Structures are given as structure tokens and as C-alpha cells.
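Each remark here refers to the structure printed beneath this line.
So that you can tell them apart, the chains are marked A, B, C, D, E, F, G and H in the order they are listed, and the count of residues begins at 1 in each.
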Amino acid sequence: MNEPRLRELLARVQHGKIDVEQAVRELKHLPFEDIGFAKIDHHRALRHGMPEVILGTGKTPQQVAAVARQLLKQSKNLLVTRGSPQVFRAVKKVARAAEFFPLSGAIRVWGDRTALGKGRIAVVCAGTSDIPVAEEARVTAEVMGNPVDTLYDVGVAGIHRLMNNRERLAAARVIVCCAGMEGALPSVVGGLVSVPVIAVPTSVGYGASLQGVAALLGMLNSCASNVTVVNIDNGFGAGYVASMINRL
Amino acid sequence: MNEPRLRELLARVQHGKIDVEQAVRELKHLPFEDIGFAKIDHHRALRHGMPEVILGTGKTPQQVAAVARQLLKQSKNLLVTRGSPQVFRAVKKVARAAEFFPLSGAIRVWGDRTALGKGRIAVVCAGTSDIPVAEEARVTAEVMGNPVDTLYDVGVAGIHRLMNNRERLAAARVIVCCAGMEGALPSVVGGLVSVPVIAVPTSVGYGASLQGVAALLGMLNSCASNVTVVNIDNGFGAGYVASMINRL
Amino acid sequence: MNEPRLRELLARVQHGKIDVEQAVRELKHLPFEDIGFAKIDHHRALRHGMPEVILGTGKTPQQVAAVARQLLKQSKNLLVTRGSPQVFRAVKKVARAAEFFPLSGAIRVWGDRTALGKGRIAVVCAGTSDIPVAEEARVTAEVMGNPVDTLYDVGVAGIHRLMNNRERLAAARVIVCCAGMEGALPSVVGGLVSVPVIAVPTSVGYGASLQGVAALLGMLNSCASNVTVVNIDNGFGAGYVASMINRL
Amino acid sequence: MNEPRLRELLARVQHGKIDVEQAVRELKHLPFEDIGFAKIDHHRALRHGMPEVILGTGKTPQQVAAVARQLLKQSKNLLVTRGSPQVFRAVKKVARAAEFFPLSGAIRVWGDRTALGKGRIAVVCAGTSDIPVAEEARVTAEVMGNPVDTLYDVGVAGIHRLMNNRERLAAARVIVCCAGMEGALPSVVGGLVSVPVIAVPTSVGYGASLQGVAALLGMLNSCASNVTVVNIDNGFGAGYVASMINRL
Amino acid sequence: MNEPRLRELLARVQHGKIDVEQAVRELKHLPFEDIGFAKIDHHRALRHGMPEVILGTGKTPQQVAAVARQLLKQSKNLLVTRGSPQVFRAVKKVARAAEFFPLSGAIRVWGDRTALGKGRIAVVCAGTSDIPVAEEARVTAEVMGNPVDTLYDVGVAGIHRLMNNRERLAAARVIVCCAGMEGALPSVVGGLVSVPVIAVPTSVGYGASLQGVAALLGMLNSCASNVTVVNIDNGFGAGYVASMINRL
Amino acid sequence: MNEPRLRELLARVQHGKIDVEQAVRELKHLPFEDIGFAKIDHHRALRHGMPEVILGTGKTPQQVAAVARQLLKQSKNLLVTRGSPQVFRAVKKVARAAEFFPLSGAIRVWGDRTALGKGRIAVVCAGTSDIPVAEEARVTAEVMGNPVDTLYDVGVAGIHRLMNNRERLAAARVIVCCAGMEGALPSVVGGLVSVPVIAVPTSVGYGASLQGVAALLGMLNSCASNVTVVNIDNGFGAGYVASMINRL
Amino acid sequence: MNEPRLRELLARVQHGKIDVEQAVRELKHLPFEDIGFAKIDHHRALRHGMPEVILGTGKTPQQVAAVARQLLKQSKNLLVTRGSPQVFRAVKKVARAAEFFPLSGAIRVWGDRTALGKGRIAVVCAGTSDIPVAEEARVTAEVMGNPVDTLYDVGVAGIHRLMNNRERLAAARVIVCCAGMEGALPSVVGGLVSVPVIAVPTSVGYGASLQGVAALLGMLNSCASNVTVVNIDNGFGAGYVASMINRL
Amino acid sequence: MNEPRLRELLARVQHGKIDVEQAVRELKHLPFEDIGFAKIDHHRALRHGMPEVILGTGKTPQQVAAVARQLLKQSKNLLVTRGSPQVFRAVKKVARAAEFFPLSGAIRVWGDRTALGKGRIAVVCAGTSDIPVAEEARVTAEVMGNPVDTLYDVGVAGIHRLMNNRERLAAARVIVCCAGMEGALPSVVGGLVSVPVIAVPTSVGYGASLQGVAALLGMLNSCASNVTVVNIDNGFGAGYVASMINRL
């Protein structure tokens, strides 16, 4: 309910076009609709300029497909995260063009490929085991309208692999950086560039990695000041906020 | 050592202007200088376009002042974080124009007030106890060349205070959002705007706040996708990365 | 063993109706019975005015059914929490009218639907993944004799969804509020109403949600003073204590 | 901004008494005032029927006194929690009748002693070291208009001390129960009564008490279903929510 | 290698019955034998007067049976803890008389039923879900030669169930007390008796029980001074040390 | 209120010596007295055969002295734990014979030195920094009537120091074993003897010792089955329970 | 890119043998090759003198086999850690001589058995359940060219088993020491020898072992100064660093 | 008590030079002496070839000086760690040549400067705040007879500072690497060299650094296989074990 619409509504009251009760009802009306098990919020797309994203876990394939069908009436692009092959098959039925990314479980409908980001987003990861999280970030950034450059398996214990790719890092406007275990990569990357680095700790590792908490703590304590952090394994969130920054 | 300088160096070798040993030495030479207890890295200013920042803790007032004197030869702006009144007095001697912000301990020399950011940064905090951290973010963002709008004491338990200021939130290009206790503010703010929100957990609270860990965990789990997080009480980091985003 | 019964017993001793040994035995006798693997405590129903509730986990379907049969001799209402379909089938055999709620695993026999609560209990949850816990709270509150109003999927990142339902919140005499991830919902709800809010952290989330600990800590640190907290995923406990408050 | 006032406002627009711009401004206006370092929210008193409470930590004595002066214009009762003797002296200057409770640091102005609660609140604690937290709960409940019965030093390792006071427990409409160390008291008390028990873990103990976390975890896992929990040492919160329940 | 044997050995050297090399070898010889994957330590039985106990997890049924066969050459009693039905079948083949306790997975050969303890050991538990751990303690104490009195389902939220059994508690020389969730039972029991109480936290519970850590912390902070604690779910350890105390 | 007294009371009712109301009052009467800030429980001495012990922290010197004076009317022995020199001076005034142990802060009145334990208690500690905790255990065990043998600075990294004292270990009926850092000593000691070992983790260490949590966890996981554990730095509790075992 | 090769390259530029662009390209070229899902770093073998090791988890059997085939072109020795039987079968197809160690999941190709270490490495473990981790260390140390002496099941609760093997410990140049539960073995071993001890905490245990965290903390707090620690269950890392030390 | 001395002793028994009782006494005699509050273990020097080191905390200056005086009778070198200026003054009185290192509190007597290590030890640290810990490592390594090369303030966010010093790293035989905050330095250093790296987490940082736990976890999860870890801030331990390795 933004200010112009409010003014317009009040003007209609002023001019007697609607009465008070109608105005109250309209003021209360907000454009989201209820399909039983979840309120779909089309406002979010308006506010953020990005389509609703469906979290694939904790819903049946049928529920995901129903939400997807509803959302695709408003948007040509759609993202389902952490979907299973079963979810993909259900979504495929309501959206022929849907792609499946099995490492991350992402399901994507990418009907509108307009470039919305102003530059390139680099998605970097430390080891091959971090690729599923990096992939989720990449798929998200792409469907949000950004060209993405991926740079995988450039962990800090073989620092020359990273140093050899400094130009690709330098060419990015925003960087998403995924790492598990000690989570040191964002600090090194952050020191090499002068753009924001979104760090994603991954749950890769064992024992004292504490399911990604070690990497998370490491990244929060990064000595590079251009690093911010999202939740463990949250490739989607990193791709989303990188996209938002890239549109600024 | 960027590529054009490398080409130029190699060309000088090619043309016999310098010999191999000189080239090796020059390739090794990097522009940082050693003043005994800390290597000052002027490269960082070049890379990030921002002056070196001195962490005031763990150094004597004399050490901070010595580093400050050195840095001020290269830059008109300087920031010392977490300084004591003693540190301020020492810095004051090498920089007459230094300001002191006692809540946060920030010390600032703000000689060059050129606007470098493209929009406004909003610094928001939940309660009055969060103001020291918010202040650190504000002072940082200002010295980095950004107009800042502050919005304090708008915690979620009195949600109308936040709702009443939606326009000020909407006017910002980047938002820094500080909160302790349950750390819920960034989720609500994130849902109201379509720009990046840098969340700063503060150590405000007691008992189960675990010195800010509760707020930190809350922010990492934010259901708003445009939220990223920095370390507990890291107002500086939030102001820094917000400045970097605001220059994009 | 309350005071009137004690007086009456002592009077019988005084008047020689029973001898000392009988009195000692009677003083020792307490009205619970032993059915082998669990002592059923009918006293609790007397004390709390609520039927015994059976925790469905850690017991075989046959054990649950046996306890249920015993309890239904004393009460028309019964609740089994966290039951499996197998447990439901076993209970169904001893109670034809039993209902099964598959999301939460609740099994309910609701023979006596007398309204015992003085007002309405609102059960609110943040996301669709929190519904199983909210359902457990609702089913509990209903079987304890309360009208329940449910308000689902009103998480804080889309604050207008909550604001649009302020009147329903305001109409409740007690509120149960379930949320996972950052657990911010009870703070916002608590600020909007002037009745007690029972917060239930859920284990919804991943990574730094630490199986609901993030939400739990957030709720314990709520800046709204009318919020109290129960264990992670303890929808039953919230529904129970809300019912008790609603009878006051 | 409640519905009747909205209707009335819209009616004024309809009847041409105010124009659209005035209506927009009025819709935006909310009754809180800004005194520089903290927004005082008189709305909260309206919503909750309780005066604003000032957290004494993190503010200078002068700041507390200034807020107190402002609040006492609206209310005869006032509570400052966790105040020092210095804070008390400053408050004393703006409120002659202020009392100081040195164990808990509570400062109370209790001008209006109308009974607002419908029954009695019992405040129970396990050991003498828990008394400061219990006192904060008692002082809060009293200033909110409740008769309070205190029952101190009745820890579970001497269970007869508790059993001897069952009647006093039974006479309460709500119970606040404070305990440190293993935090077992609320479970025993909860089993003895049929009213809500607000459990307050205290930071009493050492070593594995982890500054009250052991007691907190114990209370969250209480096997008594009528127990809810507030933050460690949060006597105020317990007294507040008990008062709210006691008014229902 | 005790002192008398040492003297006797040295005397044999002195008298030329054995030479130096033989003495060195003999000094090095210690009475344990190696059966490939585990050193069986018959010394322990000598030292502690109790048979070796086999931990059933992390070994194949065949390995357990092989160790059992070896041990039964030295002792008529044997205990395998945490065995599966498969392990039981394998042990049954080498020991016809073996019993299986499916709740706890204990396997017992109880050939020698001599009473070795001087009094009775009471094994107490809070809820029916704690019975597996209590059973392990009981089976252990019995096979170590102690009469055991079990008192199950006497949790603190129904304190009269415990109070009704005070005489049985008072009749014990040592008490093992198992409880999950808040782990409050040992504090209450400890306050009622004047004998040592071995507290066993169980992993019963969910959410903030943290797999038994809540109960463990509670017990370590017990306000009853006669309580000591063993590891979570360590019914065996509690039964063992209770047996050792009961022989004193 | 034990059974014989109950019978006797009921007999008096039966024979008309007292009326019902008197009986009720007498049944309710329990022998503890209230001195304002703490209920002193003389029952505990009867039940446990040990004097009340006063925790010196969280009380003023005057409060400790007042409780001490009261207790010394019933008992010749008294223990105050964690007292300061100020507390000692106050206690000294009400008990001339009081001793002060500055390492642990223990204050002892040892008027009755009757030997009550059946054997010797060994108090063992790993390093010199653990001596304060060991001293608290020793002082406690002595005042409870036990001969004590102390064996200090025998940590496991110099295992021969422990091995050289095996006979002294073997001569004890119960062992208290204090260790910080890795807390390994109880496992080695437990393996060398066949009597109960009470392990006391100390907060000695730094960094990953986590104020004694590392030692606590180590002891709870001891591979020696005769080890039970008390709270970090709880020398008193270990001495107390060792005394209780030694009286069996 | 080492200094001699740099000089030689610059000399070629100087002498006009290559032009600047070729030099830049060559400077950028580093000897690793990309096989799609993982960059294989032959440099590491050069730098560390040890073959690349493949972590078997998080890769398909086919991926492991493909990497293995590539690596075996450069080296006669290869190690896959944490492989399944499926992975082994796939590797077996590209390396006939591959061995499988089912306890640890190690897969080894040991074509070149040259002794590279200067002494013997002892691999010690506390209990039979620690053998899988010890085996991983042994297999690693062997394939890196070291004679290994294994000493299993010598936990500290039966200290004589360890003392009986002091000579074997003394004969080692480096010791790897694996233990779960309380993790005390490295402290005792460290005190007995004067060589480096690499401690490996294992996840053996239950309850308060916290999946190996208890052992990890214990080892980090070892009172023996010659102990360093690797991650929980990281037998490979311990064997690797022991090999590296043994080559010095 | 080594084997040759044992043989010699037994031979003396065999030849009648000493009788059995003398042999028993001699076998029991071990060369450590007791000076009241601490057993000094000269064996350790024999076993490890290094002097006893005194931990300065938890002892009075007089106690430290007394132990120092005793130790200096056996050794020309001595190290006191974590000493205060007061401790230094006391030690200075018994050892004129003692040096004090105020950053780390190390006190050193360095009478014998023989080089015992075979190569050079590099001590590297990330930031200037890590220097105290690095200094402790350096002082330790020097007094143990090693040439030390220090490389300070080379944290990973300015990776070129480290890369510029690769040759100095490559010249070391062992590396000690100290870092706080995210603790990433050892991974990068480990990848650059082929010698063992001893990682020392420091407690430098704030908030989510959790007093060094973040750095500790990072280092334990290092993706460089040549990294082992010691306790937080344990510069001494790192210098000690590096010295031991450097003597191999």
C-alpha cells in the first residue's frame, strides 16, 4: 500500500466515489492470496523485483507444484531450492521448461533472461565438495538476471591456483565465496579485490568442522573488511543478495 | 603488481633498459613499508579506495599515534576504532582535527569530505543500548564518503515505530541494521525494503543472549533473503561494506 | 491427601472406627495404580483438571493402547502426542472415535467438547514448515476445552501479513506463537497485544539454526515482556499452558 | 491507530472537514515523542495497561532520571530495573517517593496501589542466593497491582520445606519460580499445583552451571506441563507476565 | 607385579636360581594375553574383583563371542553391554545360559550368584523412557553380586509417587538414579536419604534436552551434596560403581 | 516424620490424649527454624549425620556469622566454603577456634575430631594449581571425621610419579582425584585401584580448557568404570560424598 | 614458479627469444590441469614430495576412479581415504594393485615401497574401537615410505599395558596416538618419550563424548608439551604429518 | 629406570653386592625431589633433553623463584612462562642473567646457547595483536637451542605480504604459525611449504571469535595436511614441539 495509491483512495472518499466502509475494506485488502497451506506474497516481487522462491523441503511434490503453478501466472522465472527428483517431476508437469540441478536440488524456470545486473557476479569455491552450494548460488544469480563467472576448487592450501585467477576476480562486481572446513577463502579473496564478498560457509568437513560452524565462525571473524556472511550452505541467499547488490 | 605494470617492466627488460637481476628485485618489491611493529599496507587504499583503519585495542596510544602519523601522509581521512580517551589524546597530537566518539571509541580525521557513495546509507538500531555499535557504523560510513540517515530505537516489540519510518528506510540505497537480544530487527527491515541489509548483532542483553551469540544466530537464520551478517559488535565492518556497496 | 480427608481420617481413629495400623496404611495409600510399565496418575487430572496425556515416542503401539484404555475409563478426552500411524491403529482399536493428525502425529479422543476456557486462544506460526508444531498446540488446546483461532504463515519478513490480522490477535485471550529460524515472531506479536504470549521455537531451519536453538535463544531474549518460552517443538506444552491460563 | 479512529478520520475526509494531505499526515502521526536518546512509547501503557519500565543498565543516571521524569507525567507508577545506587540518587531527585531494592537494583515509584490482579501471585525461590532475582519479580508484580506471597529457600534437596508450604502454593493464581544450579524447583512446584508456573533460571552456581544455562535447560525440559520459561535472571519479565496473567 | 612377588623374584636372582636375563624377561611379563583384536586384561578382575565387561558396540557378533568364550574360562559371570539380538545369538552359542535384556541390549551370563554386596542397591528412574538405562544398571549390579530394588516412573512432577516410596529409598545402601529431560530426580532423592546417589543422565527428551546434556548439567549442579554423576546413558557405569561401593 | 513417631502420634489420638486439631498441627510441624534470610535445616544433620555447610559466596560476612552461630548450637563442627578473609574474621568472632585455609577459602570449626570413616580417604591432584580444590576436599573429609592422605602433583605426563605411589593409592578406601586441563588423572588412578574414585574437574588451564569443561568432559568419558564425577572445582562435594561412602 | 625458472624466462626475454606477450602467458601458466570437476595439483607432490590424496567422500566412484587414473600417471603410489566398497571396485579397475582396508575405508596403491622416513613411526591407540582411525594413520604412513609399528588397545585405565611397551614407544622417531572418550593417552605417552606425539581424537564414545569433542579438548589441554593435535578421526592427517617429520 | 641400569642392578643382586631389600629400595627410588609445593622432575630433562619450564600463573613470585633456584642447579637454561613483572623481580634475584619479555610475560635464563636444532624455525604471525603469542614461541625455541626467523603481520587478507616472503618460509625446517580471528594463516602457509607447521590459535578478536575458539576450529579443519594444532595462546607448546622436531 504505497502513498500514491493511498492518496488516490482518499481522493475517492473525498469525492464520494466510495463510502467509508468500502475505504476501510480496501485499506485492509492487500494483494496476497491464500491457497490453503501457504500465503503467496506477490508483493515481494514488487518490492524486491524478484520472483518468489519456493523452499523445496518440508512440502510434498504436489504442494510445490501447486505453488509453482500459481507463481508462474505472475512471473516467467521461478526458483525452487532443495528439491528432490520427485519434486522436479511434479514441477515439470506445470512448467515444461523447468531445469533440474541435481547437486544442489535447484529447480529453475528461466523464461525471461533479461540482464538486470550491472556487472558480473563471480561465484568462487574452495573445494570440489563445496560445488553444490556454489551451484545454488550460481543458479540463483542467473535466474535473477546476472552473468556469472564460476571459479571452483581454488582453496587456500594451493594459493597459486587462486593467484592465477586474480584477473577473473578483479573483473567481478560482486563475489560469492563458498568454503567449508576452515572457511579461509573469503579472507584471501576479500584482500585481493575491492568489491563486496558474500561468504557462504558450507557444511563440508567432519569432526571439529561441527557441520559448518567452524567455517561460519572463521568467516565472521574475517580480517578482510569487505566480507559479510550468510547461513551455512545458504547458496541461495548469497546468490540473492549478490543479485540485489548487482542491480544497484 | 598488475598486468600493465608487468608488461611495462618486461618491455624494459626486452629493451635492455634494466637487466634480469633488477627485474627480479623489482618484481619482488611491493609498496608496503615496515615501521617496526606493524606493516602498513598502502596497497589496501589503492585496492579498496579507502584509507587504512587502525584497530585501537591491543596497541599503546603511542603505537596508534605513530601508525596514524604515517598513514596521514597518504590520506586526509583516518579512522581509529575502539580507541580510549588516552589513545585519542595521543592521536590528537599528530592530527589536530581528530574527533572522538566516546560511545564507540571511534577516532576520526575527516579532512576530505567528498561524497563518494551514490546514495544514502541508513543506519538503524533496535534499542538505545545498541547505539554505540550503530555510531561506529555511522562514523565509518561518513568518513568513507557517504551521507548517512540514522534511525535509532525502533525495535520490533513496538513495530509501529518502525512502520512509521518506512519512507526513510525506502530512501536508503544500503541499510546497516544493529540489534542485540533476539536480533529480529534485520528480518523485519529486510522484508520492508528491496536493498541489501547488513545486519550487526550486538552484545546487548544478558543471560541467554550469550554476549550477542543469540542475536548473531537469529540474523544468520533471517527469513529475509536480502540480509547478510557481520561479527558481533562489528559496526565498523558493516559501515565499511555498506560504503563499498554504495560506491558500486 | 488433602487436609479435610486427613481430618476425617484422624476423626475415625479418634472415634475408634479404625485402628492405628489401618490409619497408617490408609495414609500411605495414594490413588495411582500400576499397570506394569508405567504408573498412571489419576491425581494429575484432579489437580490440573486435565486428562493424562501420553507421549507416543519410546513406547510400543500396544503399550500406548493399553495406557489409553485405562485412561479412558476415567475421562472422555485423551491426547497422544507424537504418535505414528501404527500407534494410531492400535489406539483406534480401543477408542473408535480417535482422530489422527498426521503432520504432528497427534491422536485425539474428543468425547467431551464442553468449553472450559473463558476466551479464545490464538495459535500463530511464522512459516508453513512450522505448521506441525502449531497443529499440536491447536489440537491440545481444543481437547482441553478452548476455541482456537489459527493464523499461519505470517512471518516477520512480510510484516504486512501480520499487521493485516491485528484484530484477530487482539481478540485472543492467550496466544501461542510458533517460529523457527530466527524466532522473531513472538517479539512482534508480543508488542502488538496485551495478553500472554507462549513462544514455541521450532526446529525448522538448517545450518546456524542449530535444530531450533537459534529460535529458542531469540525467544528467551525477546524484547517484548509478555513472552514466555517452552521447549523446541513443544506445541503440546504451549497448548497445555495456554489452556490453563485461559481457565483462570 | 485503531479502527474507530480510522473510520472517524475517513468520515472527516468524506465530509470535507479535512483534505487528503491532512489525512495522510494524520494517518502517519503516531503518539510517541522523541527525547533525543530514546523514543518513549506511551502506546505501550495503553496496549498493556502497564507503565513503561526503564532498564537501568547502559544508561547514565541522568538519562534514566530524564526518562523517568517524562514517564511520571503519564503514570503514578514507575519501575527501573538493575539500577545502581547512583541511578537511585538521580531518580530520587525527580521522584521523592522512589524506593530502592539493593539486592536486585530495582527502583520503584509506587504511587497508585490499586489492586489490578484477580488473585495472589506466589514468588518462590530455591536458595538464598536466588533472592535478588525473586525480589525483582516481587517488586514488579507489586507495582503492577498484585498481592504477592513470597516463599524463599525451599530448594528440592530439602523437599519437606516445600511440602510444608503446599497450601500457600495452592492459594496462588500464578506462580513465579526462581532457581539456579540444576533448576529443578519449577518441575516439583508445577506438579503440585494446577496454575501456570513462570520459571526463572538464575545465574547462581559455578562451573557446569555455565552462568545459568544449566538451570535454563533444565526448566525448558521440565516434565511438568504447566511450566514456561523466561531468560536467565529475568525476574522482571516473570513478574510482568505473571501480572498480565493475573489480570485475565 | 606386587611387592611380595618382586621380593621373591629378586631372591631367586640372589640365590642363583635364575639369571639376570630371565629376571628381566619375567619382570616384563604381565598376565594378559592377546587374541588379535583386543588385549584381555585378567588383571582387572583381580584388581577390581569383577569380571571383564564387553562393550557390544563396534565389534562384530563373532568378535564379541570370541572374547566372551575366552573370558568365561576365567569367570562364571559375564556382561555384554549394548548388544544386538545378533550379538546375543552369537554369545548364546558359546554360553548356553546367556540372558538377553532387549530394552538395554544387555547380555548376561550369571553362573555365580553369590551375594558380594553388603546391602541393597536401589535403582530409581524418573519416567518410563528411562527404563532401558535403569535396566542396564540393575543387570550390572545383579551380576556383580548385589540384591537390587527397582523403583521406576517416580519423576519429580508427581512428587507424591516418590514420597510414597521413601522407605524403600531409605532401605538402600547405595542408590542409582536415572533421569532425562531436566534431570531433577537425583537432587530430590539425594535430599531424602543419607547414602551415596549415583546419578545417570539419560538422553530422553528432545529439543533443548540436547541429547541428555541438559540432564547432565542439572545433575552436576545438584544442590544435594551426596550426588555424583556418570556419563549420559551410562547405566553400566552406575551399576558398576554402586557395586563397588556396596562391597566396601 | 518417621513411621514410629507417626504411630505414636496416632496412638495418642486414639487414646484421646490429643485432639484432631493438635494432631494436624503436630503433623505439620517440622524441625527447621527461620532466621530471616535462610531456613536452617537441622534435619539434614540428622539425616546425613553431617553438619550443615555454609556456602560463603553471595552472603555478607555478617550473614555467614549469624548462620554459623546458629549452627554451632547444634554441632561442634562447622564448615564454611569459599569464604574471604573478611568472612573468616566475622566467623572468628562467633567461633574462636575457627581455622582459615586461604588457598580454598575454607573456614573450619573442628571441635569434635571423632573418627567416623572406616578407612582412609586419599586426595590426589595432578598439578600444583589444582591444590586449592584438593585442599577443599581434604578439609571437608577431615571435618567429617576421616583420616586423609594427600598425594599432590602426580599428573599423568610424569606417570612414574604416580606409579611410585601405588601403595598409598592402594591403601585408601575411597579416592578423591582432582585435575584440570585434560583431566586424565582419574582414568589412570581408577585403573590402578579397586575402590570408588570421585573425580573433580578443576578450572585450571586456559584456552580450550574452557574453564574446566574440557576436564569435566574427559572425566565423564573415563574408560575406568569406577569413576564418578562432581561439578568443576567442587572439592567440597567430593570430600562430602567420599566421607559418606567411607562411613558405609 | 621458482626463482631460477623466473631468471631463465627473463633472460629469454632479454635475449629476444620470446616477446613480452609470450612471457606474460608463460608467467601465468602453472602446471595444474583441469579435468572438469577438480583441479589436480601436481605441484603439491613436488612441494611436499608426496602424492595427491583423494578424499573418497562426496564424490561418485567414477569421479574417484577418474582422478586416480590421472594421478597414477605421475606417481606409483596413491591413497584414497574414506572410500566405500563401491569406490574400491571402481579404483580397482584403473589400478589392479589397489588394496582395500575396510575398517577405515582406505584404498591404497603402493607401487613404490622405497623407505623415505629416517626412523620408525609408532601408531598407538587406546581401545579396539579406535583401530579404524589408527589404521588410516598406519596405511598413510606406510604409503608415504615409513616403517610403522602399531600398538593397539593400550588405554590408560590399564596403564601396565602401556608401561610394558615402553621400549617400543622409545624406539619410534614420531608417534601417532589415537584415542576417543577422555583422550588421555597422548598425555601419558607424551610423558614417556622425547619425540613428537601427533594426537588424533576419535569419535568413539557416547553421550558426553560429544562425537569426539571431549577427546579433542582433552588433547589440546595435554600437560605433555610434545603433543600436537589434528582433527577428530583424522588418521590420514596424523599419518601424513608424521611422515613429513620422519623425513626431516 | 632404563634397561641397562636394571640389568646392572640385578647383576649386583646376583653377585651379592646388595641384598634384596636394598634392591627393592633402589628400584623404588626415582630421581625427583620434593620441595613442598611441587615435585620437580629432573627426569623430564633427561627424557626430553630440555629443561623444566615453570608456568608462572597460579604461583607466588616467591614460589616461582624457589623452583627456579632449584632447577638452575641442574641446568644453565630456564624458562618461566606467563610471569608478571613481580615474578621477574623475584627470579632476577636468584638469576642475575634473567631476561623479561613483557608482551608475553616470558622470563628466560639463557646461559647455554649451544645450537641443538638442525635447521631454522620460522615463527610467523598474522597480525600485530598476535605478537605476544609468537614471542613466547620464539623465546621458547631460542632457549631450546634453535635459530629462529620471525615473520610478523603477514595475515591472509594482504596475501602479497606473505607471498613476498616465500623464500624465508621455504628456508625453515619447522614453522610455528600464530593467528587469531579466522585462523586462516596456517592453511596458506602449509600449502606453500613442505615442512611441518605447528598452528597456534590466539585469543585475538571479539564477538564470534569466542576467545580463540573460532581460530582453533579453523586450524583443526585446515585443508593443508601438514598442519597440527596446539591450545589457544600456547606459544610455549608450539615452540617446544618445534624444537623437538628440529632436533630429529
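Points worth noting:
One rule holds for everything that comes next: contacts are C-beta pairs under 8 Å (C-beta built on N, C-alpha and C of every residue); 3 or more make two chains touch, one makes a residue touch a chain.
Predicted model only: the values in this text are computed from it and were never measured.
Looking at the partners of subunit A and subunit E together, the chains they share are C, D, G, H. The pair with more inter-chain C-beta contacts, choosing from C-F and F-H, is F-H.
The distance from the centre of subunit G to the centre of subunit H, with each centre set as the mean of the Cα atoms, comes to 25 Å. Taking each chain's centre as the average of its CA atoms, subunit A and subunit H sit 49 Å apart.
Rounded to whole angstrom, the centroid-to-centroid distance between subunit C and subunit E, based on C-alpha atoms, equals 38 Å. Touching two or more other chains at once are residues 3, 44, 158, 191-192, 207-209, 213, 216, 220-221, 231-232 of subunit H.
Contact between chains, as defined at the top, is found for A-B, A-C, A-D, A-G, A-H, B-C, B-D, B-G, B-H, C-D, C-E, C-F, D-E, D-F, E-F, E-G, E-H, F-G, F-H, G-H. Touching subunit D in their complex are the following residues of subunit C: 3, 44, 47-49, 53, 118-119, 167, 173-174, 191-196, 198, 216, 220-221, 225-232, 236-237, 240-241, 244-246, 248.
Remark: subunit E residues 1, 28, 30, 32, 37-39, 41, 43-44, 55, 57-59, 201, 203, 211-213, 216, 231-234 touch subunit G in the complex.
Listing the residues of subunit C that touch subunit A in their complex gives 128-129, 131, 153-154, 158, 160-161, 164, 204, 206-209. On the side of subunit B, the complex with subunit C involves touching residues 126-127, 155-159, 163, 180-184, 187-188, 190-192, 205, 207-210, 213-215, 217-224.
Those residues of subunit C lying in contact with subunit F across their complex are 3, 6-7, 10-11, 13-14, 16, 19-20, 23-24, 27.
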